[in-house]
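First the structure, in the form of structure tokens, and then the observations on it.
In order of appearance the chains are A, B, C, D and E, and numbering begins at 1 in each one.
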Amino acid sequence: MLKLSHVNKTFGETPVLKDLSTEFPEQQTTVVLGPSGSGKSTMLRSLNLLERPESGIYDCDDLQIDFAKPITSKTTLEVRQRTEMVFQSFNLFPHFSVLQNVIEGPVHVLHQSKDAATKEALTLLDSVGLLDKADAYPVELSGGQSQRVAIARSLAMHPQYILLDEPTSALDPELELEVLKVLLAIHDQNQSMIIVTHNMAFAQRVANKILFIENGDALYDGPTDGFFHSTNDRIKSFIDSMTFSI
Amino acid sequence: MLKLSHVNKTFGETPVLKDLSTEFPEQQTTVVLGPSGSGKSTMLRSLNLLERPESGIYDCDDLQIDFAKPITSKTTLEVRQRTEMVFQSFNLFPHFSVLQNVIEGPVHVLHQSKDAATKEALTLLDSVGLLDKADAYPVELSGGQSQRVAIARSLAMHPQYILLDEPTSALDPELELEVLKVLLAIHDQNQSMIIVTHNMAFAQRVANKILFIENGDALYDGPTDGFFHSTNDRIKSFIDSMTFSI
Amino acid sequence: GSSSSSSSKGDTVDSELVSKGKLTVGLEGTYAPYSYRANGKLTGFEVDLSKAIAKKLGLTADFKPTKWDSLIQGVGSGRFDISLNNITETPERAKAYSFSTPYVYSRYVLITKKGNKDITKIADIKGKKTADATGSDNEALAKKFGATVVPSQEFTTSLQLVKDGRADATINAVSAWSTYAKTEDTSAWTATEIPSSDVPAAKIAALLNKKSTALTKAVNKAIKELREDGTLTKLSKQYFNADITEDK
Amino acid sequence: MVQQIFNEYLPNMIKAGLQYTIPIAVVSFILGLILALLVALARISQLGGAFKIVKGISSFYVWLFRSTPLLVQLFIVYFGLPYLKIAGIFPDGIKLDPVVAGIITFSLNTGAYCSETIRAAILSIPTGQWEAAFAIGMKRSLVLRRIILPQALRTAVPPLSNSFIGLVKDTSLAASITLVEMFQVSQQYAGENYQPLMMYSLVALLYAVICTILTWLQSYLEKVTSKHITAGEGGAN
Amino acid sequence: MVQQIFNEYLPNMIKAGLQYTIPIAVVSFILGLILALLVALARISQLGGAFKIVKGISSFYVWLFRSTPLLVQLFIVYFGLPYLKIAGIFPDGIKLDPVVAGIITFSLNTGAYCSETIRAAILSIPTGQWEAAFAIGMKRSLVLRRIILPQALRTAVPPLSNSFIGLVKDTSLAASITLVEMFQVSQQYAGENYQPLMMYSLVALLYAVICTILTWLQSYLEKVTSKHITAGEGGAN
């Protein structure tokens, strides 16, 4: 299980995470909600050590990291193998084909054989509905297809957790739908996921747990139903604005 | 009134607009809907002559343009003064301040005095809630603020029609809201507008007329209510996918 | 100690050579008739002279065609043993380098555009513009007589500058002028030899490194022998149509 | 020797630098920039008809000056043009003063390189900027002048500065057309004292000083001009 | 004369080009590229401690070679290093073969310019590429090698090609260190036939031919290497 305790992070003078404590249950999907600039991305990136908070404890199963101390590169690599990040802007490697994108990690980080990695990659591409695009290059893909490749790329690393930062907000609604369907399928296989999203309908459908962050701290941290039926004014007005009712 | 008759446009080999005919009533808001790649942007850009269809007639009040014939630059400028475009990516001029962005057209195209243009620009900036940002530069603005400046910039030209191509799809939901509110206010002042959007709730709220384009042709062209209560399967499934119900 | 190192150096010609068995010679290779390219091969008075000197020393001549500044620096930096390039010995240069005994006494010619009545003798160039190669003694001479020097890179350029009226005159070696006159049309210019009463003939000598004491001695001896056995005169007549190896 | 360096060599090299090297570089660069701008505009222009000839000439000019050595260009302008005798206009050929010939050649040379820089900079401005300007009814020429060029020139500052620094060093070739600039002075001294290595090093020092100052100016200029500009369009998160 | 041009002048200039100009340019450019890559990597490296000295040296090197004239650099390496006598190692100073000295100097010079190009190209790759690679557990060195450099080198093809074309023309300076390359041959002929303008024009023609061929190669290379790459990340609409 991933767990953050009393995490603090500032950018320059601005505190972005303020004594944040929470945990992310295994085999479940945690959805992170919150207004723009509240620190959602910063928290998610901290879980993958793409950001380094100044203080706090990060438990990653048996591994414990004290952010106040230097982190060895061995620990960093270990954490990054347990967590995989999917980005809003996909970040596919443009000079690799779709297949090469997916096997890059397994071959060069996990040192799998190229054959084995390819075999599995094709299965994964099939599961995200892109088997026929294996030899295409990222530039030839639509946004929705790109994001599905990125998801397959992260699955190929067999991470404990997949972290997704607004995976569909660069996409048109119809393309968004195809990505969300893939995520639902992964959710149904009990893959542990942490998703930052602005799509309330999807959040309600997929989340086992909601973490609502405002101003760098958890304003709500609990079951999905409780959030959507919250009586808290701030949460109610947030849900309203997200579902557009002027 | 703007009116298109039998307009055809191909990119290379691909037909994008296919014998499209429609009209855009004055002092009303027409919302253009349709799946990705159906030709919505191409049609909108044709109204501002940023695209040149190969054939068809474009009536712009007293002005009639035959797309099959060369268009003089005088006609082009005339059409562009009657219509103003607001882009998805705002396209503010980064080397000008907010105020300079707004007065650029009035001063250098309409040849208004700088004082008069500034005076009106400040009123417009006030109406989009950005009076205090007059001296800021685009790089210092959020996306929502940028788009509101772009709207003020187009209003400053006193166009007959404002054309908006997915004005909020680059924005986070909360920022989207602030822009939509401004558009609603403009709509309430009976400004003629044509809006391409994916936001169904907003479309339903603001549209006097819906134009649903699929595959380069109008599949629906009529009142808002009729569209949202259509029995047409294609329209129904489109509305469903847009409102995310897996 | 220092005494042993200074005395052990420069005792024999061999130990002073840049490369064993070779006399490495720096020259321009673009300056007829001293050294130039004919039928794709390096030839000229100084080319043949170098070969003859090398032969006397029991060596073969190895030529390094390069730019003017480089053939000076090449000797200073120990890249060449010797440079022969119509170099005039002057007291200032002798501070930094050794010179062999002169092998040519070069007289000067003053060249003006045909019809120029203002300049007929060297004293007339005072306040006038002369085109001369940077670093050459032609330039030094022009300066001495009060001319403003328009720097030019080579002889043909200087002639061109005079012909175009961009300079009033140019000074050069008689030998260079007569070689030019052999093949080219000279009707555009008037050439006047400068008498030794006005300017003594320049002593043209080989340039050597000050450290090459043994080599300098050996070269001097070789030049003396070549002068005595008539080789020097023969080469002079072959390339200059005259014997200019004596100070007359 | 040391005394001579400070009393004679350096002062005279600096004098030549101030008299020729820097003025020639500055004037040539300004003229080159103007030329570069015109050529870049001609080459991206969408005018057809007779204007195609202008475009063809522009492309040929850029090709010619980028693919031949500068030394040869100098030589041909100074020594070659006098042969170009046109009865009636130039009966005696075109004889340029060396300073004029130098400035013309350096301008043409740097103009060819800079026109490519400016062209690339113009093409790097997102089409959205053109469209936004067209949409408010601006004509192509007005769009260029008010919207595109101001942004493009800012993008072009670093490569243009590099071209200028290169030009300063290239002026040393002006010696071949009889200009006594900094480098030529060092060669003249080398001709007297037979110490070319030392003289060259001295003049290299001066070039380094000039180039370093110019590099500082460049960073300053970059900072000032790109104040409000970041990558592409600002504001889109 | 015309006959001589085709039978003697051009063939010998071409021979010198094939013997010196092109091989020196090619070898120097390859070595320069390797050096440029190392220097660029050193300068963007985030290593601290003793490595800061390496970074300092790298910056100094780039500054030095970009702000002094190439001719002086050649002169110092060939004629200056023999003065550098280090007892025990180089008792007679460092005397390099002219070809070696030329290649070293040209490599160092072009390496300084190219390192700036490569550095800029690396910095132009969006951080998202780094992060995506870090996220799958790659180490910095692996990210550089597999993800960043392949993309950066493609961005760098046009400016690097320009540097190479510049280098080809700059080899004409090698005459000062006794290498009889193409340009020097033309000057030798000029010394014999007193037609410098004609000889210079001939050699300029050869340079133009080489540069034009190289420009074609560049466009080809650009097309091939950027096949799958467009601005930034593909696929985002």
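Convention: a contact is a pair of C-beta atoms (placed from the backbone, for glycine too) under 8 Å apart; a residue touches a chain by one contact, two chains touch by 3 or more.
Just so it is clear, the model here is predicted, and its values are computed rather than measured.
Asks: Spelling it out: a chain qualifies if it touches chain C and also touches chain D; which chains qualify?
Replies: Neighbours common to chain C and chain D are E.
Asks: Fitting on CA atoms only, what is the rotation between the copies chain D and chain E? Please report it in degrees, nearest 5.
Replies: Superposing the C-alpha atoms of chain D on chain E needs a rotation of 180 degrees.
Asks: Could you compare the number of C-beta pairs in contact for C-E with that for A-E and name the larger?
Replies: Of the two interfaces, C-E and A-E, more C-beta pairs touch across A-E.
Asks: Would you mind checking which chain's C-alpha centre is most distant from the centre of chain A?
Replies: C
Asks: From the C-alpha centre of chain A to that of chain D, how far is it in Å?
Replies: 52
Asks: With chain centres taken as the means of their Cα atoms, state the distance from chain B to chain C in Å.
Replies: Result: the chain centres lie 83 Å from each other.
Asks: In whole angstrom, how far does the Cα centroid of chain A sit from the Cα centroid of chain E?
Replies: 45
Asks: Quick check: what residues of chain B touch more than one other chain, meaning two or more?
Replies: 172
Asks: Where in chain E do residues touch at least two different other chains?
Replies: 75, 79-80, 83, 196
Asks: What residues in chain C touch two or more of the other chains?
Replies: Residues 69-70, 73, 76-77, 157 of chain C each touch two or more of the other chains.
Asks: If you go through all the chains, which pairs of them touch?
Replies: A-B, A-E, B-D, C-D, C-E, D-E
Asks: Would you tell me which residues of chain B are touching chain D in their complex?
Replies: 48, 50, 73, 77, 80-81, 83-85, 87, 89-95, 104-105, 108-110, 137-143, 145-146, 150, 153-154, 157, 170, 172
Asks: Flag every residue of chain C that touches chain E in the complex, lowest number first.
Replies: It is residues 26, 28-32, 36-40, 64-67, 69-70, 73-74, 76-79, 154, 156-157, 180, 183-184 of chain C that touch chain E.
Asks: Can you check the complex and tell me which residues of chain E touch chain D?
Replies: Per the touch definition, chain E meets chain D at residues 63-64, 66-73, 75-76, 79-80, 83, 165, 169, 172, 183, 196-197, 200-201, 203-204, 207-208, 211-212, 215.
Asks: Where on chain B does chain A make contact in their complex?
Replies: 35-36, 169, 172-177, 180-181, 184, 198-199, 201-202, 205, 241-246
Asks: Within the complex, which stretch of chain D touches chain C?
Replies: Per the stated touch rule, the residues are 79, 82, 95, 98, 175-176, 178-180, 184, 187-188, 190-197, 200.
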